[in-house]
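Before anything else, here is the set of structures, which you'll find just below.
Here chain A shows up in two complexes: once beside chain B, once beside chain C.
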Partner chain A sequence: MINEFGHLLLIFALFISFYSIIIFALNILNFSDSKLLLIRKFSNLNFFFIFISFLILEYAFINSDFSLSLIANNSHTSKPMIYKISGLWGNHEGSMLLWILILTFFTFLVSKTKVIPKGIFFSNVLGIQNLVIFSFLLFTLFLSNPFERTESIPFEGKGLNPLLQDPGLAFHPPMLYLGYVGLSISFSFAVASLITKDLKPNWFIYLKPWTLVSWCFLTLGIALGSWWAYYELGWGGWWFWDPVENASLMPWLIATALIHSINVVEKRYDFINWTILLAILGFSFSLLGTFIVRSGLLTSVHAFASDPYRGIFILIILGLSTGIPLFIFGLKNFKKNNSKFFLLSRETALLFNNLILIVSTITILIGTLYPLIIELIQNSKISVGPAYFNATFAPIMVPFVIVMIIAPFLSWQKTAKKNLIKKLMLLLILTIFGTFIFYYLKPSSIFGLICGSLSISLSISIILEVFNKLKSTKQSFLLDIKKINLLPKNFFGMIIAHLGLAVFLAGITGEQFFKIQFEKELTINQKFKLGQYEILFSNVKEVNGPNYVSRSAEFDIFLEKKIVKKIISEKRFYTAEKSQTTEAGIYSSFFKDIYIVFGNKVKANEWIIKAYLNPMVTWIWLGASLMALGGLVSIIGLKNRKILKIED
Partner chain B sequence: MKIKFIYLFPFIFFLSLLVIFFIKFEKIEKGESIEQIQSPLIGKNIPNIKIIKFNENQKISFSKYKNKRFILNFFASWCLPCKIEAPLLNKVSSKIPIIGIAYKDKEEDMIKFLKNYGNPFSEIGVDQLGSIAIEWGVYGVPETFLIDENGKIIYKYAGAISHELYKDKIIPFINND
Partner chain C sequence: MNPKTQRSIVLVSILLILSTSTFLILKALKDNIVFFYSPTETIEKFKTKKNVKKIRIGGLVVKNSLKQNKSKVEFEITDKKTKIKIIYSGILPDLFREEQGVVVEGRIKKNIFEATEVLAKHDENYMPKEVADTLKANGNWKGN
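Here is the complex of A and B:
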């Protein structure tokens, strides 16, 4: 009964959002305040309904109610509680409900904000949000209903894909969805401003916090996913250029560009059309990602059940929600501000990096869709591997980082050349010095040297920037710590996020160019060397987990004849799902990871052991977390920001 | 109102993407996806081309498989779907002999690959130049052929084999249903 109630609430929500759309359509013709009140109330009600419906489904998952086919297909009584809960979004139908929940939640938050003047612009924003909500509700109810009953109730469920039974993966999808869906708000703001053709309310000021919030969540979501891939897949890497990974990276790149172009709008009231375009594209790429993952067009590690009708429906949503705004944008863009541009100015640097971000996004898009296009033209199947992305994406990012290094020394509008050269000389000298030290560590290729020195140079540039801001007078070299209080919080946000990228680059350099690998068949009590470590393969045991049996290998890690750590690598066999996973044994420290994979048995008492020494690999996720933290600090900083007074 | 083409460019770009997706879906709807394009070899004898065995200077003799059913699988160490299908292929190998053809692969990479993901193959042939793949009408790796006791190809599948395929095609094929 209660499940039917959850289903009913979804149907109610569909009607409410439909009614909101009618109000929205009428609003465009003639606007009245009473209608605005109604559309706000509807947004609150919609969130409430979806939230209750979500709780009902969660309740059914916790109680393993196998009368719902979704739960029969994706859950099992023996599963630990946390995976029963996260099981809701470990499948297509449930994750669609989570997606809609977040969408209505964000709409609810927008309807509650006090900053935005309550006028036609505001009601248009809510109207567009409701259009998106409506189309996803329609999709969920007709093509992926989570409340569908089974014909005969099975005694036991089929279980959740063991790869997904992992704390990293339990929180990865919600994070990512918060990011994807958060971008819908920026999207609605952009489209509403195009429809209203009114920039008076300075919509980009309202846009910034939403974009920053979704950017933070996207950053964390992607980092969590890559961390999971690192320790769970047992392939020894952290990024595989899989179509689904690319699908999350593309909106992230666009959102990064958007955050920076909003800055230019704020400071110079320029790049307005560009910012609107980015705001539209951010959400479009989120939808494109969803479409790629769920339509089954491309094969990937993430296999959702593929149903061509579902794909066509999402394609229609994608087509309408991207096509119409882009078409309006083509016809109704804003007049260009005829301000002068100088080559040596911060806005030029920002524009340049914005362009690089777009080019890199398109590069990834081409690589991801290339197999599809080739299949259509030549009827042959090919796969584009990491080789393509490493050869295209990485070199594009070199000038990007160089501009990032120089940009802090440029001022808005125009930079005095003499001053700039002096500062850059200092930076260059410090960078060369740093690179020399780095050269003695012997990276495995010239690109490693470039990558490392970029990371060093970026950190130096950030330190110099903070130093410049804190100097007591222009000429002196003394620092005035009190000045810290005068600096805006979003300056610190920017510093932390950029430092995050430097740390991230250092992580990549270590992982890519200083990695040591070992691979051999070993019997118990054999030793092998990995860098300066000596590792003893000490034991093999059979262990029973809550819903799996595992064969685990124990390793003792020695450094200078002293034992530093015992680690365990496992091969797990999940009985309900009848499949196997690898749990790599990892000894993680700040500067290096020892990563051991327990491979297949070759002979009696002989197994393949793969081991990696990954220097600095944790810095990759540390850097990503710093970036997200920087975003968070910027959001907090926005609170104290003076909001431009706009006359209505 | 003056319309500038450059502002319409994003729209046109997205439109062309959508067109590509729609064509692809049309093909899926018509059942024309590569997986379902039936190879012209189906129902015919296996192509008569010499396949050199890996590490042995002799060719694979198919006469050994007379009156027996077997599977032939094109694979490569550089191919991600091959890694995905490896556990299932290992499971299949306990029930029926599988001949593997290493497609455009380096020897040491292939040895590593088989060590890491298991070796399901009773015999391994080498196709360094991809010429055998052409004779067999292979679009890419992995591709799997089911061959009956008369040496005739009865089914071909492009892409990583799935649990559904295992249940619906391979098990009936092994049991000769």
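Here is the complex of A and C:
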């Protein structure tokens, strides 16, 4: 009964969003405050309805209500509680409901906001947002209804894919969806600014906090996913250039470009058309990601059971939501700020930032979709692996980091050349010095040297930048700490986020170019060497988990004859799902991880053991977290920002 | 510098970035793509020719064919028409099972395929798309 109510609420929500769209259309013809108020009320109501519906589905998951086919197919009574709760979005239908919940939640927040002037622009933003909600509700109700009944109620459910039975499932998808869906707000602002007559051109700058919020979540979501893949899949790597990973990286790159271009709009009233275009593309890439995951067209670790209609439907949403705005975009042009252009300016640096981010996105897009294209035109099957991405994405990002290193020394509009050369010389000398020291650590290839020196140089550039800002007088070398309070918060946001990239690069350098691997068949009580460490394979035990049985191997890690850590690697067999997972044993420390995989049995008492020494690998996720923190600081800093006022 | 020179410097750098990236993409696509064949196609194609580039083969793991030989594993895969023997040194993925779909990457030498990678990242109901298509093509597909 209660499940029918959840289903009914979804249908109500569909109608409410439909009415909102009609009011939005009427408002375009003849705007009135009362109609805007109605749209806003509807947006609140919609969020409330979806939220209740979500709770009902969650309740059914917790109680293992197998009368719903979604739960019968994806859950099991023996599953621990946390996986019953997060199991809701460990499947296609449930994750669509989470998607819509977040979509209506963001719309609710926009309708509550006080900064946007209460006029036609506001109505347009909410109208576009409701168009998106309407399409996704239609999709969910007709092609992926989470409240579908089973024909006969099974005694027990089929269980959840054991790889997903991990705390990662509780956080990674919601974070990622907050990011994907958040970009729909930037999209709605951009489209609304295209269709609003008498637009005050700086209105769409209000999209900045939303873009920052979604960027932060996207960053965290991707980082969490990468960390999860690292410890759960037992491959010892953190990024596999899997189509679905690429699908999340592309909107992230576009959102990064967007954040930077909004700054130019804010400070110089330039890049306006470009920024609108990016805001539209950001959401298009989110949808493209959804399409890649849901259509099942590309082989990936994220295998959802596929239904061709789902793919086609999302493709239609993608086509309409990108095509129509781009068409209007082509017809409309905001007038430019006719200020002079100078080569040595912050604007130029940001131009290159945006250019390279777009180029790198296209690189990934080509690599991801190329197998599909080849299959369509040549009918032969190919796959594009990490080698392609390493040969394209990595070199393209080198000039990106170089621009990033120089950019803080450039001022808006025009930079004094004399001062600049002095600062750059200092930077160059320090970089060469740092690289020289780094060279003595002997990275395994020239690319390692480049990657490491970029990280070093970026850190130095950031330190010099902070130093310059805090100098008590122009000439002195003394620091005036009190000056910190005078600096704008978004300066710190930028510094922290950029430092995040430097840390991230250091992590990549360590993980890619200083990694040590070991693989051999061993019996109990045998020892092996991994870098400076000596590791003893001490025991094998059978252990029973809540819904699995596990064979676990114990390892003692020694450093200079002293034991530093005991770790356990497992092979788990999930009885309900009849499948096996590997739980790598990881000894994680600030500078290195020891990662041991317990492999197949070769003969009696002999197993294959695979071990990695991954230097700096934690820095990869630390760097990503710093980037997200930088975004957060910038959001806080927005409170007292000054928007360039434009007279029309 | 006058504004014109400044503009041209920017323009030239943009073109430089675009052309370098295009070159990198095209070169990488030429060097780094891996072709996928069914066991039958593989045997036909490399009967006389030497297999230089890495390829991928997909099929079902033949029942009772899995043998552990020191750290090397041997098994056979089939498209229900042709069988190929695969040798692989390394840890098989968790979802690897006999009579299930699998994709292997590597090179073929004298009718034996030396795999550098074994991919079976799907659940028991799910078949790699390439394998399903191969089975459909030779009429051995059971399912929808």
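The criterion applied here is as follows: the second predicted complex is superposed on the first by the 636 of 648 C-alpha atoms of A that agree within 3 Å, B and C clash if a C-alpha of one lies under 4 Å from a C-alpha of the other, contacts with A are read in each partner's own complex, and residues count from 1 in each chain.
Throughout what follows, a residue touches a chain if its C-beta (ideal position, glycine included) is under 8 Å from a C-beta of that chain, and two chains touch if they have at least 3 such contacts.
The structure presented is a predicted model; accordingly, all values stated were derived computationally and were not measured.
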item	value
Superposed partners chain B and chain C on chain A - clash or fit	clash
Chain B versus chain C as contact partner of A:581, first or second or both or neither	second
Touched partner set for A:385, first chain B, second chain C, both or neither	both
Partner chain in contact with A:429 - chain B first, chain C second, else both or neither	neither
Touched partner set for A:26, first chain B, second chain C, both or neither	neither
First, second, both or neither for A:395, with chain B first and chain C second	second
Partner chain in contact with A:331 - chain B first, chain C second, else both or neither	first
Touched partner set for A:312, first chain B, second chain C, both or neither	first
Contacts of A:603 with chain B and chain C, given as first, second, both or neither	second
Contacts of A:372 with chain B and chain C, given as first, second, both or neither	first
On chain A, the residue positions that both chain B and chain C contact, one per complex	297, 299, 301, 380-383, 385, 519, 521, 579-580, 599-600, 602, 608, 610
Residues on chain A engaged by chain C in the complex (per definition of touch)	161, 234, 296-297, 299, 301, 303, 305, 340-343, 348, 351-352, 355-356, 359, 362-363, 366-367, 370, 374, 380-385, 387-388, 391-392, 395-396, 399, 519-521, 571, 577-582, 597, 599-603, 608, 610
For the chain B and chain A complex, residues of the former touching the latter	1, 3-4, 7-11, 14-15, 17-18, 20-25, 27-29, 34, 37, 78-81, 83-84, 87, 112, 115-118, 139-140, 158-160
Chain C - residues contacting chain A, complex	1, 3, 6-7, 9-10, 13-14, 17-18, 20-21, 24-25, 27-29, 31-37, 56, 68, 70-71, 73, 90-92, 94-95, 103, 121-126, 128-130, 133
Contact set on chain A toward chain B in their complex	235, 240, 242, 273, 277, 280-281, 284, 288, 291, 297, 299, 301, 308, 311-312, 315, 318-319, 322-323, 326-327, 329-331, 333, 369, 372-373, 375-376, 379-383, 385, 519, 521, 579-580, 599-600, 602, 608, 610
